[in-house]
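Below, chain A partners chain B and then partners chain C, in two separate complexes.
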Partner chain A sequence: MKKNKIVERAVHGVFLILGLLTLGCVLLITVYLIISGIPAIKEIGLFDFLFGTRWASTAEEPSYGILPFILTSIYGTAGAIVIGVPIGFFSAVYLSKFAAPKIKGFMENAVSLLAGIPSVVYGLVGMLVLVPGIRTLFDIPDGASLAAAIIVLAIMILPSIIKVSMTALEAVPKEYEDASLALGATPVETCFRVSVPAAKSGIAAAVVLGVGRAIGEAMAVMMVSGNVPNMPSLFQSVRFLTTAVASEMSYSSGLQQQALFSIALVLFLFIMLINAVLNFFLKKENC
Partner chain B sequence: MLSKKRKAYITAMKTAMYISVGLTAALVIFLVLFVFFKGIPHISRELLFTKPSYTSGRIGILPDVLNTLYIVLATLILVIPLGVGAAIYLTEYAQNKKIVGMIEYAAETLSGIPSIIYGLVGMLFFCQFLGFKTSLLAGSMTLVIMNLPTIMRTTQESLKTVPQSYRDGAFGLGAGKWRVIRTVVLPGCVDGVITGCILSVGRILGESAALLFTAGFAHALNGIVEGLASPGATLTVALYVYAKEQGEFGVAFAIAAILMILTLLINLSAVLVSKHFAKKRKL
Partner chain C sequence: MSDIMTAKDLNLWYDKTHALKNVNITIPEKSITAFIGPSGCGKSTFLKTLNRMNDLIPIVKITGEVCYNGQNIYDSSVDVNELRREIGMVFQKPNPFPMSIYDNIAYGPRTHGIKSKVKLDEIVEQSLRDAAIWDEVKDRLKKNALGMSGGQQQRLCIARALAVKPKILLMDEPTSALDPISTSRIEELAIELKKSYTIVIVTHNMQQAVRISDNTAFFLLGELIEYGETEKLFSQPTDKRTEDYITGRFG
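Let's turn to the complex of A and B:
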């Protein structure tokens, strides 16, 4: 009997540790980013780091201002949202409320495929289709630009927006719609004036999820954005927060490397903020 | 009769919906066809079954295929027990609602963190602090953290479908908690683990940013033990290096086509598996 009790205790302990593992991982990531990100900010100065407009990490007199990266990440994400959200939203409404079962089935698989395609494949196709396309269409010397990155990001956030919005729309109680139809509204009016407002926190969550995806994407953006630390402008080569970290990490050292960790810390803070907003909408949806 | 204004509204909304769905469908079809059209002609036996040779300038992706396989295996072997254990703790042991809430919030946070940050922390912690150097093992450890929430969530979902009466029955017969978990709870979570594995494999196959600094980009041909201890590129990382750094677009598209086929297969198996389990549950 006593042996049994010891075994039970030990098993309980093991499962407790496993349960707390995710918590430990989050702590590990947070602590590591803060510890490695703070020194460079201290040395450069918070204001000069965040609002400096010049990034020249390998110059003789190095300058570490990340405002171009922050703005590029914000503009890029905003652009992707402006293009991706309407397309995703209307697709989700059509698929959840109007599509014939066969079309719905096909499109659901298509959207899953879109979600599953590795980001480097998007980058590759972007490099060979979008970049030359933008170059010839707008007659600029190099097509690798913010515009190309925005289009790639818009495509990459589509699946999350469509899937999450569809789930929210399908959870709208049938009675709401029946009542609206009985009052003489057409199906389209019912859908946009009753179902969509009823699912609005779920749709908001979808948009926030898209923001998170877009701001965190590194590889695809790296392949199409040209990777030059300019202030953001639509048809110029730009560098995002993510690509700033990725592009110099392999050969950096000293203060330059520490500054890259600080960039990662800034990115992490953005993501934590987005997570908090996302959680707010998800909780609202569940109530 | 509908007023003119209402009619215009309905037409506008309908048009917006048709255009959006049409665009999405066209996009998917274009992507698949473009990648296959550009990639499949470059897939050859030589490409698939040799390693790159600098003397003849030939490129082979066998090492990258093997590295991907090693990393998938190593990650799954590590992440399954951890994720299943965490799920069992949450559904069977945890009583404090606050702790459960915190763990679930942590899992959500983990799934929102961008892979480049995982790569960075993985490099600092596994490669430098724990001394694994740049190696496939360090890469798969990093992926373990990334995929932990997935396995945990899918296992949790399937544990919720194990009827409480089964547990009560086992307890009533005098079984201890550990015995109940072993004999009643664990068999019930097989569905969730399989679904989680499929999702994780998809994510591992597509991952690149987290592996760039943890697993590196070597193309050496190794056995699994040696391979895990040394740096190596997976298919996605190899695609990136060949396209961006070496301008070998033929090889890059061949890899892209292979990845596309694998993604299709993974999605197909996910659909089949979920159908199978849904049927089983109904019986």
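Let's turn to the complex of A and C:
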């Protein structure tokens, strides 16, 4: 009896320590980012930093405006959502409600595989197929562009959108669907008027998760977007918040390096915001 | 009283399980027909063959006929959705949609193409009145239906089924999840509804069959053992197995 209690306590303690370790990591990163991100913003000025349209960190007279990155990240994510959400949503509807078991099993495996592909591979395929494709199709000098990044991102967010939406759709009680069918509604009507509304917060969570993935992606977009700090335009080379940090960090110093930390801080705030929205939807799901 | 539904030599298999064996039955219009029998004897299965809800289970195989208004409902020319509109169903567990009371009732009519607000308001009120729940909910039609008590939810489900103007109402143990007071309200409601509708009710509760039904069918292991006027079936059963069941010797 007594021994049991001691073991119980010990296990409890171990779990607590592990939990605190995770929390500690999060806190450490947060504090570190804030501390190292603030100085550059102070020196450059918040307004000039966030809304400056020119990024020229290595010029004679350097300029540190990150609006091009912010807008590129927003447009890129929005574009990926516009393309990826309808495809992912309808795939999820099909797989969870209409597909024959064999097709469903096969497709689920394919989606899992898609989720497991490293982002550098997405980037590579994008570089070799998408970029030249866009160049010839639209007859522009360089295919590495926002458009290419949007397409790659749209494909990359598909697995999370499909899986999370499917989970939500499959959790809809069968009783609701039976009731609808028994009233003479067709399976398609039942799906879109009962199942989808009942799963709506889960589907919203899937979209937000997709947003999070898209905005945080660096490697693949770096490889297909040309990585030039232009103000975003669909068929021009662009640079994202993530790739802005990644591409200069290795050789930066002084204010330039501090500014990169500030970019990371901005990115971090975006992610926090997205997480808050996600939590909101998940909470709604549970009640 | 004329007949509204007839099953002829109906057999049903779940894969290899022979769940209904040569069922023959004729259900008269505007009356209450009760199905009784021990758990697993095929009552729900048979009830679901009457509005083809079994179609949704891929492993089901059916032979024989179910005639409704002289037509075999398993004929390939039959529009299943129209059939289910005419033959409504109330389930064992109350299953209102997770939406407002109003939208629950309006769901069926909207599905069948009614858009006019005035018309929908009228149908909603009439259906709720017919299901004897109007007075309880008229002030909170916009509230979520899941906030109602179990008994209210079940009457809401009956109202929802009535809203598409069915001819027949199939009920699968509609009171088994309810308290005695809610149960007696549903029983009163069923008796009231048989003036305009044909009701087929599965019940686990023999007293309920006696209280409300005109005819009773006794099922055992997928077979229809005995079928006749309720009073006669319970007072002078012709089959030994029926007698054993109603006297509580098994089941």
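Keep in mind that, in the parts below, the second predicted complex is superposed on the first by the 272 of 287 C-alpha atoms of A that agree within 3 Å, B and C clash if a C-alpha of one lies under 4 Å from a C-alpha of the other, contacts with A are read in each partner's own complex, and residues count from 1 in each chain.
Everything that follows uses one rule, which is that contacts are C-beta pairs under 8 Å (C-beta built on N, C-alpha and C of every residue); 3 or more make two chains touch, one makes a residue touch a chain.
Fair warning: this is a prediction, and the values are worked out from it, not measured in the lab.
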item: Room on chain A for both chain B and chain C (clash or fit); value: fit
item: Touching partner for A:Ile83 - first (chain B), second (chain C), both, neither; value: neither
item: First, second, both or neither for A:Val7, with chain B first and chain C second; value: first
item: Which of chain B and chain C A:Val228 touches, first, second, both or neither; value: neither
item: Touching partner for A:Leu267 - first (chain B), second (chain C), both, neither; value: first
item: A:Thr186 touches, of chain B and chain C: first, second, both or neither?; value: both
item: Included angle at chain A between vectors to chain C and chain B, based on C-alpha centres and rounded to the nearest 10 degrees; value: 90
item: First (chain B), second (chain C), both or neither touched by A:Ser119; value: first
item: First, second, both or neither for A:Leu33, with chain B first and chain C second; value: first
item: Chain B versus chain C as contact partner of A:Ile74, first or second or both or neither; value: neither
item: Partner chain in contact with A:Val277 - chain B first, chain C second, else both or neither; value: neither
item: Touched chain A residues, chain B compared with chain C; value: B
item: Closest Cα approach, chain C to chain B, once both complexes are overlaid on chain A (Å); value: 7
item: Residues of chain A contacting chain B in one complex and chain C in the other; value: 186, 189
item: Residue ranges of chain C in contact with chain A within the complex; value: 51, 53, 56, 81-86, 88-89, 91, 93, 95-99, 107-108, 111-112, 157, 160-161, 164
item: Chain A contact footprint on chain B (complex, rising order); value: 2, 6, 9-10, 13-14, 16-21, 23-25, 27-29, 31-32, 34-35, 38, 81-82, 85-86, 88-90, 92-94, 99, 102-103, 105-110, 112-121, 123-125, 145, 148-149, 152, 176-178, 181, 202, 205-209, 212-213, 236-237, 239-240, 243-244, 249, 252-253, 256, 259-260, 263-264, 266-267, 270-271
item: Residues of chain A touching chain C in the complex; value: 173, 175-176, 178-186, 189, 193-194, 197-198
item: Partner chain B, residues of chain A touching it in the complex; value: 4, 7-8, 11-12, 14-16, 18-23, 25-26, 28-29, 32-33, 36, 86-91, 93-95, 98-99, 106-107, 109-114, 116-121, 123-125, 127-129, 155, 158, 162, 186, 188-189, 191-192, 212, 215-219, 222-223, 242, 245-246, 249-250, 260-261, 264, 267-268, 271-272, 274-275, 278-279
